[in-house]
Amino acid sequence: MTGPEHKCGVVGIAAAYDVVSALQRSLMIIQHRGQESAGISVFDGSRIRTVKDNGLVQTALDHDSLADLRGCIGIGHVMYSTSGPQSVIDAQPFTVSSSFGSVAMSQNGDIVNYADLRKHYLSEGMSLLTDSDTELITNILVRHLAESKDPVRALKATVSETEASYALTVLINGRLFGIRDPYGLRPLCIGKLQEGHIIVSESAAIDALDGTFVRDVKPGEIVEITADDIISHGGPTDLKQKAHCMFEWVYFARPDSVIDGREVYDVRKRIGEILARESGIDVDIVIPIPDSGRAHAIGYSIQSNTPYEEGFMKNRFAERTFILPNQEDREAAVSTKMNPIRSTVEGKRLLIVDDSIVRGTTLKKLISMLREVGAKEVHVCVGSPPVIAPCYYGVDMKSRDQFIANKHSIDEICRIIGADSLNYISIDGLVEAIGKPKNELCLACVNAEYPTRIPGEKERFQSILNARFG
Amino acid sequence: MTGPEHKCGVVGIAAAYDVVSALQRSLMIIQHRGQESAGISVFDGSRIRTVKDNGLVQTALDHDSLADLRGCIGIGHVMYSTSGPQSVIDAQPFTVSSSFGSVAMSQNGDIVNYADLRKHYLSEGMSLLTDSDTELITNILVRHLAESKDPVRALKATVSETEASYALTVLINGRLFGIRDPYGLRPLCIGKLQEGHIIVSESAAIDALDGTFVRDVKPGEIVEITADDIISHGGPTDLKQKAHCMFEWVYFARPDSVIDGREVYDVRKRIGEILARESGIDVDIVIPIPDSGRAHAIGYSIQSNTPYEEGFMKNRFAERTFILPNQEDREAAVSTKMNPIRSTVEGKRLLIVDDSIVRGTTLKKLISMLREVGAKEVHVCVGSPPVIAPCYYGVDMKSRDQFIANKHSIDEICRIIGADSLNYISIDGLVEAIGKPKNELCLACVNAEYPTRIPGEKERFQSILNARFG
Amino acid sequence: MTGPEHKCGVVGIAAAYDVVSALQRSLMIIQHRGQESAGISVFDGSRIRTVKDNGLVQTALDHDSLADLRGCIGIGHVMYSTSGPQSVIDAQPFTVSSSFGSVAMSQNGDIVNYADLRKHYLSEGMSLLTDSDTELITNILVRHLAESKDPVRALKATVSETEASYALTVLINGRLFGIRDPYGLRPLCIGKLQEGHIIVSESAAIDALDGTFVRDVKPGEIVEITADDIISHGGPTDLKQKAHCMFEWVYFARPDSVIDGREVYDVRKRIGEILARESGIDVDIVIPIPDSGRAHAIGYSIQSNTPYEEGFMKNRFAERTFILPNQEDREAAVSTKMNPIRSTVEGKRLLIVDDSIVRGTTLKKLISMLREVGAKEVHVCVGSPPVIAPCYYGVDMKSRDQFIANKHSIDEICRIIGADSLNYISIDGLVEAIGKPKNELCLACVNAEYPTRIPGEKERFQSILNARFG
Amino acid sequence: MTGPEHKCGVVGIAAAYDVVSALQRSLMIIQHRGQESAGISVFDGSRIRTVKDNGLVQTALDHDSLADLRGCIGIGHVMYSTSGPQSVIDAQPFTVSSSFGSVAMSQNGDIVNYADLRKHYLSEGMSLLTDSDTELITNILVRHLAESKDPVRALKATVSETEASYALTVLINGRLFGIRDPYGLRPLCIGKLQEGHIIVSESAAIDALDGTFVRDVKPGEIVEITADDIISHGGPTDLKQKAHCMFEWVYFARPDSVIDGREVYDVRKRIGEILARESGIDVDIVIPIPDSGRAHAIGYSIQSNTPYEEGFMKNRFAERTFILPNQEDREAAVSTKMNPIRSTVEGKRLLIVDDSIVRGTTLKKLISMLREVGAKEVHVCVGSPPVIAPCYYGVDMKSRDQFIANKHSIDEICRIIGADSLNYISIDGLVEAIGKPKNELCLACVNAEYPTRIPGEKERFQSILNARFG
């Protein structure tokens, strides 16, 4: 994957024992969803206490910082940030005092009507510390709590005002709720632990705690967990057509997670199989772009009966890019991250399977590296259709200008990246691989059909089409 | 001084140039008012940006942390905390977004009706991050701003709800206000800088910036400063009887500051003179408890024609006490802070002048140290009357139990601390030294007469009197 | 791989331009050889300046810390430490002033006669700051430099006293030398850069700098590089029989590195092929233990015509283990690191290919995790023979007690780890896979035949044999 | 005092209990001798362990960093550095392993023949990490230890090679030695503690530990202390004429310390008295430059029967100067440190007593500040004669160019600093105040007569005289 970045993971655990360590471990499991900051809030019997900091879970939530945190019910968060290092005040869970006691919230998603909501509530005298939509939602929730004195009613009132996408875990004093937006855009599932329950972005965290997957939170549902029970408080009345984000399966989620009934690894392998069926290039070996492209490549290899090999060594120590003083250094940074394995590549006709192409710049460099060590042919298969439209639901691809497929035809892209052939999976092929009805998926980034109203989006898209095709 | 600790200092500067460096320097000048955290907020033309952190100004606001802060108008704060190391979220200025733009606030004081205000606003749906009264006032201000759309009216509405004591500097987008409570409990004054103006807790900061003292902010007054002007917006309609805190002159403020027309050094020297007149002990030399007792001792020395000498060496590197593993170490810590100078003390009849006695424990240790190096007699004069009642206006003496004068007669205290004689200044003597009408001073801690209503205070005080005197 | 940890990587670069950034990047490429500390020394025209710190290259050698370092010739080091967090004084390069100017040294290896050398030189009046063998060698070199005034002669004299294993890069003022021990135990190779040369532990670093591999440093050779030239100064006269460490290919080195003529990935794939030939288990799929076991499994898959699948998700954020408060937490830590992929595993007869077994504890846990998600059979193939003897040449397996193969037969190990079958590659199979004459390899850890004299080793080994077999 | 900075303080304690806390406290007492770094070494029964870091004792040796340090015998050090922030490797004690076990050393002073010694030993094959003379002496000591196997003989051999000035505490395994140079240039004294002994730079540390002063270490003496005993091992045979640094009494040492029999406060007060006798200016009040000038001013006040007042408020939070972006800011920095007290100064004829003048720049600024607040006359008395010659014995006044008295007559200096009159104490007056024979004092900085040979010094001085007086 050489493109979009995802944002945030949430978790909540209620148990018969102190849950701080379990929250910490589950955040490490979903760390891939956000590496900018991490936090844990627990209810200690009288109030909610929060520890959060910038950095990975290992650093932000290390043994010392958690030493005094104790509680049998709590929530956690890992954050991805699009705008560089943040103040720790932006980290989540976001925790406040209210007339109803302490409230803490973790969110994954993007509130589509954030600007309108913010403007409205500021005009009503609300003050906000940050630009975070989580702070805004928390403050709205607190207002509804002051009115209704009832957590469930307050939550329902809050989400009714809030337009997609969100997966929330919310702690209101000693009660823990999990909430998923009415479209089911972002994942959220429930697990049974020994003497406890967990609500979390990805099921892999349930496995890591030796728990059992129970079910996904339903789109629009408000679920409450205790050490003993799972209580569904139903959802808002205006339930929408489901629209699960297809990119969770293609790239975001861990391969070992099961999302809305479909295991991510299996979907990716089927993507590879369908790519083999749809494109059918004759090559000597299939290689992945590590790490996310492996399952795709294995599927392709098995379906096409072409040997699978590792063609790149990925440097796990080079995750974060340095601030590099000059252009020469910046180009060298790509070589620091990936290096071809000569014995795999030399003299071979290769097929690379990548999960997606957004800009295409890294892929271009990788192909040139393969040619330098003697690849005879380099063909590319892509596990998702061309990305042409921005995402407003929590994926960091907001600027249309970055999409290579918006400016160039597939043939042009093939030439630009220097491949011998380039095949994207079809939209229908992707839908088949996911194994869900097409109308239950959000495919907006590849077909510009958004499940929610996006103010001005239709006009922008039309003007782009006009510009390109007259 | 061996007792109360003060809290917080505020500043605001508007000028024709970048004020960050001037704010930083002025905070260093009032650093004695709070060493727990420090912060600066400036308006950069479009919004308010804040840098704040735990620690001294030198550390919290060092060159690196201020590198990107620029603005011609801004406020600052140093905080004293009674409850140990705080989260940086408690540091000030407290800065929020509102319907009216950015708002930042620095406060020195203690809101007497904080609990009631908090309860009221939480019940109206407000959410609060901290237990800080500054956050609460800021949020109340933002509500009033949303209603009236007028900073001055919103400020008036806010302070009308807020009962003593406070000295505030407030930044509302690019406008800077200084506000003092209607009693004038905490100091706040205005200075003219080259092409600018400053509002600050103590006039010494004006000197340090090579500025000119203009006047004190009047009790209850709202003053606005710009680079060119000082605009008085008047105060709330319910102006109270003045009640300046006498401890600012006795102990809190810098000797070189002038507060409400009286220079602190001069007040202290007159306290010493009056002590000499009132007590008239015959001794060989007068020595101060450094650093705060020097002016008192000099006054005593001059009035009584007794030589002034330095009798203690104070270790300026031992300000903060270590976490010490055992009792032996803790006692040794006092010796780390102060050491008698033998040639001054040996064989002499000494008079120590201290500014106040709260608990008496440190003074007891100091007297025993003097006797160990050969003092013949040790007499004590105290520059403030016996402290018997708690302060609700921003001085850290809230617990009645800590006051030795509440449990013991002066003779008993003299025996407890091991002195040959003990004389406190009279209340009238103190008033004379300050040089203001008695009814314009807050003397609550020495006579239990509070300028504001303190819920339940009268009853508590009566029951104490009953317990002591039947 | 579930066992031995390797230690240290070295690099040296001479070029026509500032080499700091290239040193930093090359250390990131060999970061897997040591994550405890990192350092860079460059000659700035008059003296050697060193920056080093604990932590990964990204942290220890970040942009700020290197800001003032400049030089066209320099060396670097990454360190693995067996004894937890070290003082930064132990980090390398080790840099000193001498009669001959500045000397800096980076080392990978273990000096067998360290204790004797240390004792000897201390008795001659040497003082040592640390227990590091690098400090000792540097000080010995400085003595020889003072005598001979000739860097090459001094280096030869130094290595003559020093018994295996070592790969060194040494900076003597502006001259840069690479030295490999006479057995060739640890790797060291030479590359050509644009207007420069590099000496480095692994060839992958040459690729990352867009350089060209030139050749390995010969066992016992002293090589000097400049921006323009590679000069061989020959080696010590007593050249030994080659003894390349087989574990470099099996586990330590990056798959994309070429060591003494054999690419690591290719050796591992051949190990997999030979394992398939030697063991020939009939299973449904082959899965690796990621990341190091992938090439082995691919080789097995291709040779046995069994599908290759990913069976575990490895959490790249869980590298370092937390200090965990209780046993329950510690066991959970393994689940944090690895999670089975259900669709791959469920109902399948699996073959795991791991590179080596030292203790067997992690493998046991992994097998039980596979069974929990429904594996029908779990067979194990191991890419190296049973480890039975300690390493004295730089691999962290010094304690004989840790080797499960020293206490149990293969059948017993199979039962202990809970596998359905267990097959190790034969020693001859491993030799064939590496593709070098058996007598040019160090196989001491699997056959107890050490290339150097190890004081007391023969007796210890005999007593163990006696204990086990009578 | 507006001039020279001193360097370093040393301590050693042997007791029947753990001495870490006592070492830490005693370093806080002598913190004024060096604020750059701090360190403690203790012998734990088998080896010496050292904790040291940059910063004040409170930071560098805080509770956490000392948590694991335990031992009944140990040494400590505080360092002043002339060359800005140092690597922690330069911090002391300097600790090494040797043939004789562990050796740690703390030093106060400057080795006059450092360059020659360094050159000699490097040529013999020694390697050095730093430019610190302490590292060199330690390494020389280790060489002698390896030869003689006798700590006392090795120490004697070492100091025989080492030319003034030094006060050392040395730990050789479990034995603790204190050594003072043959001239007695830097102070070092011995105290009795409860079940222990202490050797330390200043006697104030003995007081702070509730100990009893025993005696000064004699010039050239090697003293050993244990929990029970003080053992004198005599000194080198070539005992020199005593030459105690006069600046210790005038400025460096704490007023409460007694050095070579004379209390510092008392010497300073007598300096003030003699100044009054010698100069006899008629003024209204005498004010000190705080903090170091207070005793001088008190002496003047008493002798001349002129009232003593505090004329400046010194900001104890402004010790370290900021890196200030522009000239305007840098000038403002002086005002941040000192502010005149108006009621003291206005309309008065003042006499300032300062301890010394080196450059005169700060004094000039202070006098102008006094005039700005209305001083009628400002006269200056200086407690030491004009400084005209560099110090080679540990005081940071090495560059002749910085001395204003080297370029200007006293009248000129008076005009430059803007005073109404300027009087220095005479050399004989200073000698009288110190109360020791003139030939037992080092007065080199005021009369250019050095107790040791300084290569080239005589010629340099002559050429300066020639230049000035033809």
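A, B, C and D are the chain letters, set down in written order, and residue numbers restart from 1 in every chain.
Here is the rule we go by: a residue touches a chain if its C-beta (ideal position, glycine included) is under 8 Å from a C-beta of that chain, and two chains touch if they have at least 3 such contacts.
These numbers were taken from a predicted model, which means no experiment stands behind them.
Listed by label, the chains touching chain B and chain D alike form an empty list. Separation between the centroids of chain B and chain C, computed from CA atoms only, is 62 Å.
Computed from the mean C-alpha positions, the centre of chain A lies at a distance of 36 Å from the centre of chain C. Mean C-alpha position of chain C lies 51 Å from that of chain D.
Among the residues of chain B, none is found touching two or more other chains. In this structure, the chains touch in the following pairs: A-B, A-C, B-D, C-D.
Of all residues in chain B, only 21-22, 24-25, 28-29, 31-32, 35, 56-58, 62-63, 204, 207-210, 254-256, 258, 263, 265-266, 269, 291, 294-295, 298, 301-302, 307-310, 313, 315-320, 322-325, 329, 332-333, 335-336, 339-344 touch chain D in the complex they form. The part of chain B that touches chain A in the complex is made up of residues 88-89, 95-99, 103, 119, 122-129, 131, 138-139, 142-147.
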